[in-house]
Structures are given as C-alpha cells and as structure tokens.
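What follows is a group of structures, each given as structure tokens.
The following pair of complexes shares a single chain, chain A, combined with chain B in the former and chain C in the latter.
Then we have the complex of A and B:
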C-alpha cells in the first residue's frame, strides 16, 4: 500500500511543473548571479597605482629611487609621474590611489582621497622611507663607522616570516551566500509540506475529503506523501548542488556526499515543518503558505543570504538562534566541512536538523491523529 | 471607484508578506549600522589589521615587535581551538596570526634573519602583505642598528624612536576624510525591498484582475474600459506613493538631519524614481504570474537578482569586471551609482552626473513599462 501511494505521490509531484520550476530556477539563476558577482573576486594583492609629483625641478632623488625599486619585480606600486594638477585629476578620477608630493628640500608627503588598504600601504612606504632616513641619521651620530654596514644590511633581502595558510584554498565568507542559497532551496520544501497537509485535511480540500472516505489508513497516506515530497525536494537540491559545483565550478569543500546528506536532512525538515504548519491551527491554506514563505525568508536572512557575515553577527549576539535556525544549521554544516577538516560540528548540525525533523513529524502526526469530521 | 477599492482589498491580503520585507529591510539597516562603526577621522590613519599574536620570546625584541604592531593594529589573543581560529579567520575577525618563538631575540641578535617568526594567513588575502610590510620595516630597522655595531638594548630604543616617525599624509579635500553618513546606508538597500514589495503587492493585484474569468466579467460590466484601467493605474500610483511615504517616514526617524539636507533631498528623489521603476518592473512581471507561488518566486528572484547584480548587497569594487559591465543593464546599478555620487556632491549645483543616473533609472522604468505592454499585446494576439 505504502509503495503504491508513494509512487502516485511522486507522479503527482512531477506534474506540478510550477513547483519544480521554482525549486530548480532559484538556485540556477541566483547561483549564476552569485558566481558572476563573486567569481572573479580576489583579495590577491595587485600593484597600487600612485602618482609622483615634484615641486620644482627634481630629476632624481632618494625617494624617487625608492619608488623605482618598488616598481621593479616583487614591488608594490606602479608610478605615474605628473604635474600636481594632473596628479590631483588622476586621484579624483580614481586612476591612482595616492599622490607622492616631493618638495624641493626633499620632504615628501602623501595625498589621498580615502582610507583603505592601498592608501595604508602607500603611507607605509613613505613612513618606512622616513624611518630609514631617521635611522641612518642616528647611526651617523652614534657610530659613523657603522653606516656602511647598516646600508649593506638594509640592501639584503630577508624573509623574517615563515608563512603558511590556514588551509590550502582561498577562503572567504562569500561562500556563505552559496550555502544559504542551497539552504533556501531546501526550505522551499515547506510549501510542499503545507500542500500535503491541505491534501490530508478534509476540511481544507476536496481531494482530502475524497481521501478521508477511502479505506487506506491516514497515517500511511500522509507518510507516503511526505516521503515522496522529501524525495522530490532532495532530487531538486541535488540538481542544484550539481549545477553549482559541476557547471559553475564552485568549490564547496569537496565532501559532496556529506553535503548532499545535510541537504537531504534539511529538505526533510522543511517538508515536515511545512506539514506541521499545515495541520496546526485553523487558518486558511493561503495564510499557512504565507507563514512558510515568511519563515523561509527570515531563516535565510539570518543565515546570511541577504547580508554576508550575518551568521557571525547572530553567533556573537544570540547564538541560540543559530542552533535552532534550519538555514543557519545547514550553512554551518556545509561550511564546517570546508574549513575545519573535522566532522564534529557537521555531525552536531545534521543531528540537530534530524531531531527537529522528528519533532515536527511527531507534532504533525499528533495534530491529525484520530481526527474526525462530523460534516464537511 | 470600485476597482480602486478592490485593488487595495487584494493588497490587504498580502500585507503580512509586505510587512515582512519591511522588517527584513530594517534588520539589514540595523545590521549595517552595527557593523559600520568605524570612526570618522579628520586625520589620515592607516588601515588597522586584526592580528592574532602569541609572544613566547624571553628577550626584549619580541615584546618590542608586539608593542609596535599594537600601536596601529588590533592585537588579539589567538583562539585556543583550531575550529575557533578557523571561524575567526574565515570571518576576518583575525587577519593574520603571528607566533614569536622563545629564542627570537637570541637568534636575531646572532645575525639569523630567515624564517624566524611563524605567520599564518588566509590564502589569497591582502592582509598578509600589510603585516609582512610592518614586520619587515621594524625588524630591518633594528637589524640596521645591530649591523652598525650598536647593542640590542640601544638598538631597540632607537628603533622604537624611529617607529614614532609618521608619514605626512593628507586628504585631497576635507570631505574625503568623512565617513559615509547614516543616510547613505539607509538608502543603499531600498532597491531590494522596493522590488520585492512591488512584485508582491502590485503583482498579486494585477494577477487577480488578469484572471480570465475576472477579466471577462469586468469587460462585460458597464464600466468603461478607460475608467477601469485608470482606477488600476491610480491604485498602483497610490500604492507606490504609500510605500515611498512609509520608507521616507522611517528615514525621518532614523536620519532626519540627513534627509532634510540637499543630499537627503537628492536621495529621496532617487528613491522615488526607483520606486516608479520597481512598479514598472512589477507590472511587466505581473504578465507572467499565474498563482501565489509564482508571485513569491518572482518577488524573491527579482529582488535578490537585481540587488546582487546592481551592487546593493555587495560593493561594486568587490565585483569582477565582467559583472560590473553586466550590472549597467540593471536599474539598481544606476540607483547605487547615484547614491554614491550624492555623497560626493557639494549641493544641487554639483549634481550634474546624478541627474543622468536618475534619467537612466527613469529610462529603465519606461523600458519595463513598454515591455509589459508588448508582452500583453502578444498574449492578446495569441489568444485571438
């Protein structure tokens, strides 16, 4: 009986093209846009364009030599020599990030139009120049014989830092957008859950009234519908995952089997939560669908779909929300696979999702158990 | 005005969804105001890095280096567990981790220079360049003194004095030193909420009027065609005006000083023009709506797509060149461009480019409206 009902439910789901379309269109369209937006983003260092303007006739100077050296291999800047007015025009147009102004007496200053990493590095170059000059002056005063040795020491290249990465791959919180998108894809199953509940409540739909009159047990009918919905939603989410990783080439941490497992549990939670909302209370189906959409949007907002870094803000101020919010749990599960290299946090998140699924499933069952209708 | 009244009765049904977007919008603006607490400086100061530092050095050099880094950066304790460290670096709460070994002073004093300190960075992050530059600068200066034959204690004393030398950095104009006003952030996120609300509200109403039976019933009623369409138009206009009034009213509450300045007036005009554009978009999309599910789908898809592509949620400079080129074909890009340029304008007299941005958004409104007309015409022709 169960398998037959399950088959019919699956067939009925496949015929609802609108539901399938949105379940697939959402991640495909938004995933492509996210990739377009963040795909070419890189924090890798690019040379900083800077203008050099001298007051009076300055052909060469120690600072200009320093800038020449910084333009060479491994340097930090690209320098454009210009008059002051032209340099200011370049700065206003955003073609350079700063202007080094050298006076006739050799004093150098920096002009910028905003505060940022590039401007800080330019300021650092100028500051370093001034500090080395100061150091040479002090060495000259304290131990003139040591000036030559100090100059030789300065010219020697030394890598003081022994660097390693926190992981092998560039990581950034932009990935949370993709994780939240997959979470949203799972949570779209809530409206399917409401639909199933409506089709099981004889006072909400004609189909349910017909079903109530049939000889099949209500528990098995609803269970078959829910199982079919979870299957359908899981397939949609698997297609989305395949599109993001296979077609768009987004690195989601490599543990695709475990990611899919988390997404399947997330889909099950969404369907069962939707079913619980569908059977609880006496509101109309439209109102219940509205509640599901509101819950989905709020959940995804808190996990960072609309504002990157939201997960961490919530974690700092109300961590309990992240422990209960389905989208946040899904994001945390997927992200933990990518960055920790351990499975503890992933297991906790998936277990929490599974526990909530069981709670809502039991709640939904208790609501419809032994429900009888005097008249419809 | 029976159609006009019916328009608002349908809207009332979707009030919960619309209110939810207002709540999300308020949450985003609160979130941004919480995270954008950077102090506005009149004088240039270097970008501070968040450095996780562990100094095990028994000598003076490690402490001196830590003290120097702490002058212009936020030095933090390294989280104990690897998961916490990963979290902190993932969310850029810590940009770089430095571990100074126990025998650092001893080895540096002995002339050793290579790989003395262990540094951990996020691969691909620009922060490591900055920290390297700071560490190199300090240690090279100390090294110069040591190479010149000056003892470690004196070398550190002199190097610390040298590190006190500051670069002469100034802003091109005084306005550059200022932080973006609260009003800038308030208006930044409006495109998302306007598009979502318009599609949800106007879409639902239009879908009902476009229903085949309802449309047929209305057509055979005694009400003239012009009057019916005029009432629908008035309904859309009144709804747009109400949305504008609500959001400008909330702006009065959160950034009244900004709103009643020349910049605030330009921002308000920008928002009103964009709301008309969002209305046109909603009208265009309403031609494709079939049920409540498609309304919610279109409202989310349009709101999020236009916002991400137009630089509403993510700054344009973070986006790649291709994305920036494509972004020019969405109205939210021109809205955000105007929002940025408004902050640089001294007053209405400097608003030359801003008017062009307004015009671009208005042209998008016209384009969406024309596309809506075309879509309906084609639908009608197919039906005939």
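Then we have the complex of A and C:
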C-alpha cells in the first residue's frame, strides 16, 4: 500500500503547476539571471589586470616568468607589458589595477592607486616572489646544490595554490549566490510540507477528513506523502543543479554527488519543517504558507542570496545563526567542498541538517498522531 | 429482526456554548436506506463525523457493526464507504486515478481493485471522463466522482452526506438511482439531506433532526401520521367573505382555514372526501372558484408542525 500511495502522491505533486513553478522553473530562471549578471564580472575579477614596466632593458627575469605562470590556466592575472608612462596612464584610466615596476637589479615594486581585493592579491604575488627570491638567494649562497630541490618544492606549492584556489578569491562571493540559490530551491519544499500537513490533518481540509475516514493507517499515508515530497523536491533540485553546472557551465567545485546528497537532506529538512509548521498551530493554510515563504526568504537572505558576502558577515557577528540556518548550512556544506576539499565541515553541516530534519519530523508526528478532532 | 449496523446512544457534542448534538439516539438496521433529514445546522454532518470517529464527542456512544467506533478501528472502517458533503478528491489525479487511489485505501489486491474501479466508473457513468482531471468536470460529474471514490470498494455501510447539493437534475436522478441500486445489492445506506423530496423518494426510515436532537423518526407514513394534517387543500376563490371563511372552517375534519390574495388554504385532519365536501359548500353558496389543489402532507409539514418552522429555513452555521 505504501508504494502505491507514494506513487500517487509523487504523481500529484509533480503535476501541480505551482509546485513545478516554484521548485523547478523559478530557480532555473533565477540561476540564468544570476549567470547573466555575475558571469562576466566573475571572469573579470578572476583575472586581475596588471601592467608590467621594466626600467632599462629587461627581456626576461624570474619575476616575469612568475607573471607568465600566473597568466596561465588557473592563474590570477592578465599582464600588459608597457613603458612606465604608458603603464601609469593605464592605471589612471582604471584599465589595470596595479603596476609591477622592475628595476635593472631585479628589485620589483608595486604601484596602486586604491586599495581593494585585486590590489591585495597583486601585493600577495609580489610578497610571495620576494620571499622566494630571498630564499633562493640564500640557498644559492649557502648551498648551491639545494637550489634544484627548492625549485621543485616551489613548483609543487604553486601548483597546489592554483588547483585548490584560495578562499578570498573574489568569485567566491558570486558563487555564494548560486549556492544560496540551490539552498532556496531546497527550502521551496516547505510549502510542499504545508500541503502535506493540510492533506493529512482532518481539521485542515476535506481531503484529509476523507482520508482519515478510510480504512488505511494514517501513519503510512502521511509517510508516503512525505517520502514522495522529498523525492519530488530532490528531483527538482537535481534538475536545477544539472542546469547550473551543465547548461550554464557554472563550476560548483565538483563533488556533485556530495552536493546532491546535501541538497537532498536539505529538501527533506524543508519538507519536514513545512509539515511541522503545517500541523502546529491553528492558523489557516494560507497563513502557514506565508510563514514558510517568509522563513525561506529570511533564511536565504542570511545565506547570501540577496546580498553577496552576507554569509561571511553573519559568520563574523553571529556565527550561531549560520549553525542553525538551513540555507547557511547548505551553503557552508557546498562551499567547504569547493574551498577546502576536505569533508569534515561538509559532514558537520549535513549532520546538522539531518538532525534538524529528525527534530521537525518528530514534532510533526507528535502533532498529527492525535486522530480525533474537536472541530472539523 | 434485522441486525443493527449503527447504534448511537445519547450522543452529545458541544462546540463551546453551541450544542451541536443533544443526546442524539439513532439506530440503522442492516439493508435499509436511512435518511437523516434536517435543515442546515441541525447536526447531520456532525453526527456523520462522530459515526466515522473523526470528531471527539462529549458524551454517549457510537457502535458500528456491533463494535465501538474508534479512530484506529480500521477493520470496521474498511467496511464503510463515505462521500463527504464537500467533494474531496485530488485535483492533480484523473478520474480513474482518484477512484483507484481511494479504492486502494481499502483493497490491496491489484486485480480485485482494478475490477472495483471499473465497476465504480461504470456505476457512476464516468466512463467517458476517466482521463479527465476533476477541474474539468461539471458540478454533477464531480459529485458522481466523489461518490464513486466512496463506494468503489463495495462497502457494507455507505454514508452519503448531502451528495446532491448543487447538482443538475440529471445527475441527481442518476445519483439517487445509484444509491437504490447499491442498496438492492446489499449495502446499508445512511443518507443525509435537507431535500425532503429525495429522502421521501429513497429512504425507508427517516430521522428528522433539529438543533442536534432527533425530533421524530420512523417510516415516512409513520412520520406523517404523527401530525394533525391529513390533507392540504388549496382553492383559487375570489370574493370570499369572512362569514363564508368561518363556515368552511366549521366543515367536518377541517381544522385550519387561511385566505389570502384570492387563495384559500384548508387543512384537514384526516377523513375522506374532504375536497368533495368543500366543493359542495362552494356550489351551494354559488362561490366561483378556479384551480383546485389537494395534497398529502409532506415531511416539511411534519417538520413545520413539530418545530413551527420550515424545513428549508436557512439556519446556517455549523452542522
């Protein structure tokens, strides 16, 4: 019986136009708009334009080689070689964010005319170069035979930095929009949960009263509805994920299986939370749906859907909110996979989501286990 | 003696200060169509919800098939079919899927269920509409679907709560014929309505409810014999004087006379040839008259005489 009820419930859910719009079409449209808005900016920020000007005749130098490497795949800058006057003109016109000036003796300095993330990254490149140049000079002076080994070590570190990225790269702020979008996609399941509650509690709808009068156990009917809702919501989220990565070409850091797992747990949480809101209290269904929409928007706002970097702001000022906010937990889980490449933080976030799902599921069950009503 | 399918004893249900059911006592026997008749707000739906164990009640007992009715008494519930007052189907499932869904809440065996669904579709005349979604059906067809969902599993007890509200005459006749057919096939039916004609047409025994109380019950003949009115005569008569009106009131078996806007209304308390006696008086006194109507008392007359108000007076509020 469970399987048949599950099938019909899933069928009914996937045929409901409002559910399809909010859980499928809306995230796809919003994702497309995000891509149109942030896609080009992301590319610009990913490559920081910088000018290189040498004093005297400098054809090649270790620093130039470093810059060449940074222009390659996974690099951070695009370099324009120019004379000093031309370079300063480019800086004034805002066409470059800084000028690397290299003297004939190999000393390199950075000229910028404002402070920002791009300038910080250029400064970081210069500092890294200065540190390595100093180390190589010392090794060369003290142990010429160790230079080769040091160079190999440097190469590995450089490769590591390029492949793994660094967390304060500007495009991560844009990525948060997409992560939050996927989180919102999951949380759309809250309204589905309210619908299930309405169809499971005889004092909330005629359909629920009709089902309650039937010869089937209520527990199995509600469980089938919940399972179908989680499945349907997960399908919608999986389609959104596939669209973002496959059609729009947004790099979400790989680990798509784990991302999907987090999103499925998030969908389950949303459905159970919606069901809990649906069965708790004596407000009308419309009011409960309104509460769900408000909660979803607030949750997504705090995770950075409407304002990039909000997640970091909340993390700095009220980290407990990020530990409890479902959208923030989802964003954190997905970011942690991309940025850290380790699974500890991801596992903690998903476990927190699963724990909340269990809590709201138990709460919803306690509210509906009563099978007779004072008023229908 | 027929077995009692439903027994309600001293049922009391209060909604705060409002007493919805006031020591209601009813019994429904196996194989009958039992009518619950009453105006809106008389407690019919509340009584049904108590029988189905959806509503808590304050006092009394409900037994179905000899067992005390409880929310988790699924063995008894599986023998009950119900069509609620408001249509309760899935808008996103087709006619066939809806019937299959509800039938499946009672019958697990796939082949048996398939046959039951086909029978229900044929019974309700929805064959042409089996692939339609409920939103595309007319009010009458929707009511038929609601009933088909309730009876597809061939229950022993069928509860129909105002199944003909807002349906066209064709669908109404089909529904009433269908109910009689189900009854002939062995189902016991509880039928609630505020349409007295329907109840008179199909119900063997009737209970009249008012303000949560059963004010009268029995066969329609028994109910009509409870009241003074045996015959109601109306005559179009112009220029009737108060003296003549008084003299008509003194004729044998006549107990009430009213004259308004050229229409004379006379109530007789039984007896025979009342109309002939009255027309004889008209002839002797050379009183001209037009159309003449003679009616047997209706259930509305029963209700009117017992409660002092019309059966169809909209009381409103919770039922």
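Keep in mind that, in the parts below, the second predicted complex is superposed on the first by the 244 of 376 C-alpha atoms of A that agree within 3 Å, B and C clash if a C-alpha of one lies under 4 Å from a C-alpha of the other, contacts with A are read in each partner's own complex, and residues count from 1 in each chain.
Note that in this section a contact is a pair of C-beta atoms (placed from the backbone, for glycine too) under 8 Å apart; a residue touches a chain by one contact, two chains touch by 3 or more.
What you see is a predicted model, and the numbers here were worked out from it, not measured in a lab.
Of the two partner chains placed by the overlay, only chain B lies in contact with A:126; chain C stays clear of it. Of the two partner chains placed by the overlay, neither chain B nor chain C lies in contact with A:251. Once the two complexes are overlaid on the shared chain, A:212 sits against chain C while remaining clear of chain B. The larger set of touched chain A residues comes from B, when the choice is between chain B and chain C. In the superposed model, A:335 makes contact with chain B only, not with chain C. Of the two partner chains placed by superposition, only chain B is touched by A:111; chain C is not.
Taken together, the chain B residues at the contact with chain A in this complex read 13, 16-17, 20, 24, 27-28, 31-32, 34-35, 41, 44-47, 82-83, 85-87, 89-93, 97-98, 113-130, 132-137, 139-141, 143-150, 154, 158-159, 161-163, 165-173, 176, 192, 290-294, 296-297, 300-301, 304-305, 307-309, 313-314, 318-323, 326.
Taken in their complex, chain A has these residues touching chain B: 18-19, 22, 25-26, 29-30, 33-34, 36-45, 76, 88, 91-92, 107-117, 119-121, 123-124, 126-128, 130-132, 134-136, 138-139, 142-143, 145-147, 149-150, 152-154, 156, 158-173, 191, 286-287, 289-290, 293-294, 297-298, 301, 305-310, 312-313, 335-336, 339-340, 342, 344-345.
On chain A, the positions that touch chain C within their shared complex are 1, 4-5, 8, 11-13, 15-16, 202, 205-207, 209-217, 221, 371-376.
Remark: chain C residues 15, 49, 52-56, 71-72, 74-75, 77-80, 82, 84, 86-90, 92-93, 97, 100-102, 104-106, 108, 149 touch chain A in the complex.
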